[in-house]
Amino acid sequence: MEIIKSEKISYSYPVFEDPDSQENKELLEKKKEAAKALDGVSLEVRPGQFICILGRNGSGKSTFAKHLNALITPTEGTLWIDGMDTKDEEKLWDIRRTVGMVFQNPDNQIIGSIVDEEVAFGLENIGASTRDIRKGVYKALEEVNMREYAKVSPNKLSGGQKQRVAVAGVLAMNPKCIVLDESTAMLDPRGRKEVMDTVKKLNKDDGITIISITHYMEEALEADYIFVMDNGQVRMQGTPREIFSREEEIEELGLKLPQLCQLAKALRNKGMDIPMGITTEEELKDAITKRQISENDSEITAGEK
Amino acid sequence: MFRDITIGQFYPVTSIINKLDPRVKLCGVVVYIAAVFIINNIFGLLFIIAALAVLIYLSKVPLKHIMKGLRFVWFLVIIAIFFNLFFSDGDIIWRWWIFHMSRQGILRAAFFAVRLVCVIVGSSMLTYTTTPTNLTAGLEKVMQPLNKIHFPGHEIAMMMSIALRFIPILSEEINKIIKAQLARGADFDSGGIIVKAKGMIPIMIPLFISAFRRASDLATAMESRCYSGGEGRTKMYPLRYHKRDTVGYIVLLLFLLASIGLRILMQQFVTIGRI
Amino acid sequence: MIIKLDHVNYIYNPDTVEKVIAVDDVNLEIGGNSLTAIIGSTGSGKSTLIQMLNGLLKPTSGTVSYDGEVIFTEGKETKEQKKKIRDLRCRVGLVFQYPEYQLFDETVLKDVCYGPKNQGFTQEEAEKKARKALEEVHMPEKSILKSPFDLSGGQKRRAAIAGVLAMEPEVLILDEPTAGLDPKGKTEVLDLLKRYQREKETTVILVSHSMEEVAQYADRVIAMHKSKVILDGPTHEVFSHREELEAIGLGVPEVQAFTESLGIKDAITVQEACDAILQRQKAE
């Protein structure tokens, strides 16, 4: 069964309507159109996948992310999380335990004033026993490699460490899926690497589905599958190889190719024989050196003759 | 700005006072303040000071740290001394213009100042020796009986702990906004009060917007982690009384009785030093 | 304008247990016609350094001079000095991180006027300068009278940058001007900064965490680590110290790492890498 299955979901942010005002029906319609953040999104995610969602600011990525643990529910269409309809209020807590979210600003999502209490917050909310809470908290801290900071104030941590604590807070609830909503946007390269390495490990070792919303194209190269959103719709989907083969489209949607793909494209434009959809250094290296080798070979054979 | 405030900041050491249940300490503060106002003679005062000294010794909070916290209340003490010193009636020993000094006034001023310092130091010992989380957990528990009359004890405690966490973050934010506007040539120093008040707008508006954004982010984050108020919530570190807490309560009771005793007994035998 | 730092130190909370040395004995000369990037991980002292460059922070010791003139001296400032410091902040413009969080006025135009008006220009002059600055950041005409809070993320950022540009600073410093923007927004901001710098032949200093951006846009790079300047020089030269940069958690542009594995040195942008590879092919 798919962990996430969305069927033509649309969402509009509420627009203030003045019932007395007769004027400007057109403007209101316009406003309503502008408030439409999602427009018929259909997609499926299988358990254990590492997914990247790309798209420019305002493309609807974050709105979609908020649907995933029922912070908002679709105005049209249906979204199933692990078989549960997000509109089913009785399943609300199960959905939120199944899908955990890590947000962008580390300071605005930490509630506790000591690291271990922060990680415990979710388990406390669902009424777990004291013993289970402690066990869960320390296991989660161990998994994100923050055990030694258990008794420290979050204010004293670096950005990358704060985000790892946030991941631990989600992890303590034993989720099947973790959604990262631009969680590395405010971090420096080292912090970004810390967080990405942590979630990659969770994905690989524990089979937790990861959905990463990001502006870093390099991160997307390593995903299993990519969705590109624009204007509230899924405009492209596929493996990194498929997505980054469609070079023109990527740029039309306000994104940028990873540097590796940019180089492949530049070389190809200069007449070199480089295949489309290069995603790793090895592939590009092979493509460049293979040509050299074949040329060298022909030279050698020519020389022999 | 806020960063200078030392009053009420937890001092991280392990001591017997530190380990006491926050409820005992909350109760202690109430008893202590009551005692300060019960006593009415020099012996009582000495008793209170001695008790405070023992408390500070046991808490392992350095005296220097406590004195630093007092910096902000000195002027309050001075005002209190000033009024008691120069405007008290009694055996006048000095007089100039509207000011007059009396023997009783001097005594009263000294007594009042010492009392005030005792109250401030004593109650700040609570926050020096209790982590914010523990303190709010204690308050929540103490307020629990009020739930029956729909008093939102949990909500108040949660608000307090969030406020405590965000004070350093917001103070940093204010600092940053001020600097950013200074970098745009803002002048917060010169001009009259109205000019100055107007000059605050470029700080206040961004600050409010930022505070609202943070609040909304935090609410979303809490909701996504299954928060739904205090009902059905459990704790990783629930408050549990230990033997030392029972001892604490007994000490507090004895302390209160001793203060009352000192007031009643000394009244009969001693006339000197009574105020 | 040439800003010169001579044995500059900055210490937070001196004489206490929480003493933090944020900038440690830094000697620098920045100025002239260049786009300089300052790199370093969080907490390396970059932010403190740039705040000293425009007089928001006074060095704990050492001197900062502007075209040879020292503004901060020992002890308390006189009124005249205070005025000088304020003028200095206008001559050396500083755009903070996430500058859109400092927008406050009713319209974009009014907000951008805030700086020039603080400098003492009349409403009319200020508005003229503001319009010019908004043009420089490509703000669409129809957005100028909108509330700054109704703009898109990228537009807000550019409006905030215009707020400093309107003061016509001789040196422009920006702390992570592209943080949080999407790829297109990033390119827009960097392109306009580069063009601004080229046209005015002035000094632009930017703090960045993206080595790819730095390699593509900067002429000179200053790398900080643990409060000290550890590398300083032309961009190519700094990126030739790959091991040092990796040791401090920064690294080199992805394309450089790739071309080095092919045995090509000194190619730090996609364009350079492409040219170098083609050239080698030709030679062979």
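Per-chain residue numbering starts at 1, and chain names A, B and C are given in the order in which the chains are listed.
The rule we apply is simple: a contact is a pair of C-beta atoms (placed from the backbone, for glycine too) under 8 Å apart; a residue touches a chain by one contact, two chains touch by 3 or more.
Note that the coordinates shown come from a computational prediction; the quantities given were computed from them, not determined experimentally.
Taken as a graph of touching chains, this assembly is fully connected, with contact between every pair of chains.
Two chain pairs, B-C and A-B, are weighed by contacting C-beta pairs, with A-B ahead.
Centre-to-centre, using mean CA coordinates, subunit A is 30 Å away from subunit C.
If you average the Cα atoms of subunit A and of subunit B, the two centres end up 46 Å apart.
Subunit B meets subunit C in the complex at residues 176-177, 179-187, 189, 201-202, 205-206, 209-210.
Chain contact summary for the complex, subunit B toward subunit A: residues 131-133, 161-162, 164-165, 168-169, 213-214, 217-218, 220-228, 232-238.
If you check the complex, the residues on subunit C that touch subunit A are 41-43, 152-154, 179-185, 187, 209-212, 249-251, 253-255, 257-258, 261-262, 270-271, 273-274, 277-278, 281, 284. Per the touch definition, subunit A reaches subunit C in the complex via residues 55-58, 104, 158-159, 182, 185-191, 215, 217-218, 254-256, 258-260, 262-263, 266-267, 270, 272, 281, 284-285, 288-289, 291-292, 295-296.
Across the complex, subunit A meets subunit B through its residues 66, 69, 71, 93, 96-97, 100-101, 103, 105, 107-114, 116-117, 120-130, 133-134, 137, 154-155, 169-170, 173.
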